[in-house]
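For reference, the structure discussed in these notes is given below.
In this document, chain identifiers A, B, C and D correspond to the written order of the chains, with residue numbering beginning at 1 in each.
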Amino acid sequence: MSSRRPYVESPVIMATVRLVAPFVLTYGIFVTLHGASSPGGGFQGGVIAAAVIIMLSFAYGIDLTWEWIDKRVLVGLVGGGVALFGAIALGAVLFGGQFLEVGVYPIPEPDKYGIELVEVGIGMTVAGVVTSLFFTLARGAMPPVGEDGESGRDDEGTAATDGGTFSSEAPGSEETGGDGPVRDGPDAPEGGDRA
Amino acid sequence: MIRTLAIGAFVAAGLFFVCVAAVGVYRLPDLYTRAHSASKSDTLGSLLSLVAVGIAFGADAATIKVALLALFMLITSPTAAHAIARAAHDQGIEPWQRGDER
Amino acid sequence: MIDVGESTLLLAGAVGTVLVSVLLLGRAMIGPTMQDRVIALNVIGSNAVIVIALLAAAFAEPAFLDIALVYALLNFLMSVAISKFTVERGGVL
Amino acid sequence: MITPIEAGLLVFIVATAVMTALLRDVLAAIIVFGGYSLGMAILWIVLQAPDVGLTEAAVGAGVMTVLFLATIARTTRLTGLEATTVDVNLPAAALCVVFVLAVLTTVPALPAVGAGPGENPAFGEISEYYVEEAYDDTHVENVVTAVLVAYRGFDTFGEATVVFAAGVGVLAVLRRGVFE
């Protein structure tokens, strides 16, 4: 088992995902914005947008994708979506309406565009939460560690990323415990109890 | 009338190739031959069915969506089969050879 | 625009595709390897896209095509994810 | 009356559901469960509920499967199992079947689909009002969106907050140095 070459990411999948991802992200935004006139809405659109990130991380490797993502954007999406929703709801009070009465905004067709903005807020939150959930769950997905209570993590960057090749470490390190750079990320002091 | 006939023909052809894909996935001896059947026949079957859908919608904005869908299937379906076969190869699953047990 | 006969034809195609999917479940059940199951699921997913597109035409509801498009995407994601997972059962995830 | 496509889909869905319960390998169960979501979404579309179908497609088939995979990657599983399916406890299964049949006898008591207002509480005046007045009230073509965001805005705001809170809660528990 451990004598096999390390798993290398497939160039075919990478090329396809590179081709498809922009289209899908556009489509997710389309679904979010067109919730008013066709099936869909913020929830579905947010999930589709998050699926783009998940797709990228399956094609290029989860750690690489995680490094590529700006974490502040992620946190901003989660918080900003709810904040946008709340701001729209409260803004209506400012214009003399009631909470969530989006019809009072001084813009053309305030009902429709107010609703669409609310959908955007929902979509942002859902996209952020689903992406964060995926990474929190998946980045713990390391090979089973040995009985020595040492986690398979290491401090020194992702394995083999600077050479431009996308390879994950061979799973043979599952016997050897914590001495291979299997996953990057800081040492979790209590990480051992996950084993 | 011709339109109805065309739709019927394309639906029937699509269904035929989908059936071929299913029978192939069911009957062929090993994983790689099954992946072959799944990717080729099924992609052709779905494209033919989508042509029928496109004819049914006629000259309409929906037909553009159908064309997009067909393009998308054409790209993603073989890639998915590639991913599966590649994972199987990486796992060290040997192809079936003549004389092997099924 | 889409008359009753055409709608019936499209529905018949959808029914046939669903029945084929039921047949494919047998392969998903017996395996024998995990990749066989993923292949069966991939074909079932393609069939689902076809069924939804045919239903969209049969009901004359272009909006349903959106769902077919989402499906095609997620079917691809599902196949790639599971097949990558089958390598060392998540060891390289 | 049940149409052929509904019948086929119901067979498919029940078969996948039973297989999900019976398959011994967790990964196989997840794969078959993906098939269940596919069938379910088509059924929603046949029942003319595209919004629900889209949600089922987006969440059930794609993201749910991926999250399940990420979860079981962190657990240890039995590999090299001899049997494909679990052993069924026959008396318990028989009891379940009897229970399901007993519950199914209550189905005829439900109002028929498409029954007029007054007979069917789900198709009462309120539903009629939404279908007829939603566009005039909100200028939104999709009634589902109108109901979700305009008529029941408070509810949706609460839901968005719940998603936010759940996300923050899970991240706080599972974080373990991921967000650093």
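Note that a contact is a pair of C-beta atoms (placed from the backbone, for glycine too) under 8 Å apart; a residue touches a chain by one contact, two chains touch by 3 or more.
Values in this document were obtained by computation on a predicted structure and should not be read as measured data.
S.K.: Between B-C and C-D, flag the pair that has more C-beta pairs in contact.
M.R.: Of B-C and C-D, it is B-C that has more C-beta pairs in contact.
S.K.: Calculate how many whole Å lie between the centre of chain B and the centre of chain C, each centre taken as the average of the chain's C-alpha atoms.
M.R.: That gives a centre separation of 10 Å.
S.K.: Could you tell me the distance, in whole angstrom, between the mean C-alpha positions of chain C and chain D?
M.R.: 17
S.K.: On a C-alpha centroid basis, what's the spacing between chain A and chain B, in Å?
M.R.: That gives a centre separation of 31 Å.
S.K.: Using mean CA coordinates as chain centres, what's the chain B-chain D distance in Å?
M.R.: 27
S.K.: What are the residues of chain C that contact at least two other chains?
M.R.: 21, 38, 63-64, 66-67, 69-70, 73-77, 80-81, 84, 86-88, 90, 93
S.K.: Two or more other chains touching the same residue: where does that happen in chain D?
M.R.: Residues 50, 53-54, 58, 62, 66, 70, 73 of chain D each touch two or more of the other chains.
S.K.: Quick one: which residues in chain A touch 2 or more of the other chains?
M.R.: 7, 13, 20, 31, 38-40, 44, 48, 51, 54, 138, 141
S.K.: Which pairs of chains touch one another in this structure?
M.R.: A-B, A-C, A-D, B-C, C-D
S.K.: Please name which positions on chain B make contact with chain C in the complex.
M.R.: 3-4, 7-8, 11-12, 14-15, 18-19, 21-22, 25-26, 31, 34-35, 38, 42-43, 45-46, 49-50, 52-53, 56-58, 60-62, 65-66, 68-69, 72-73, 76-77, 79-81, 83-88, 90-91, 93
S.K.: For the complex, which residues does chain B have touching chain A?
M.R.: 72, 75-76, 79, 82-83, 86, 90, 92
S.K.: Give every residue of chain D touching chain A within the complex, in rising order.
M.R.: 50-51, 53-55, 58-59, 62-63, 66-67, 70-71, 73-74, 76, 137-142, 144-146, 148-150, 153-154, 156-157, 160-161, 163-164, 166-168, 170-171, 174-180
S.K.: Quick check on the complex: what are the chain A residues that touch chain B?
M.R.: 4, 7, 10, 12-13, 16, 19-20, 23
S.K.: Residues of chain C touching chain D in their complex?
M.R.: For this pair, the touching residues of chain C are 11, 14-15, 18-19, 21-22, 25, 28-31, 34, 37-38, 41, 44-45, 48, 51-52, 55, 59, 61, 63-64, 66-67, 70-71, 73-75, 77-78, 81-82, 85-86, 89-90, 93.
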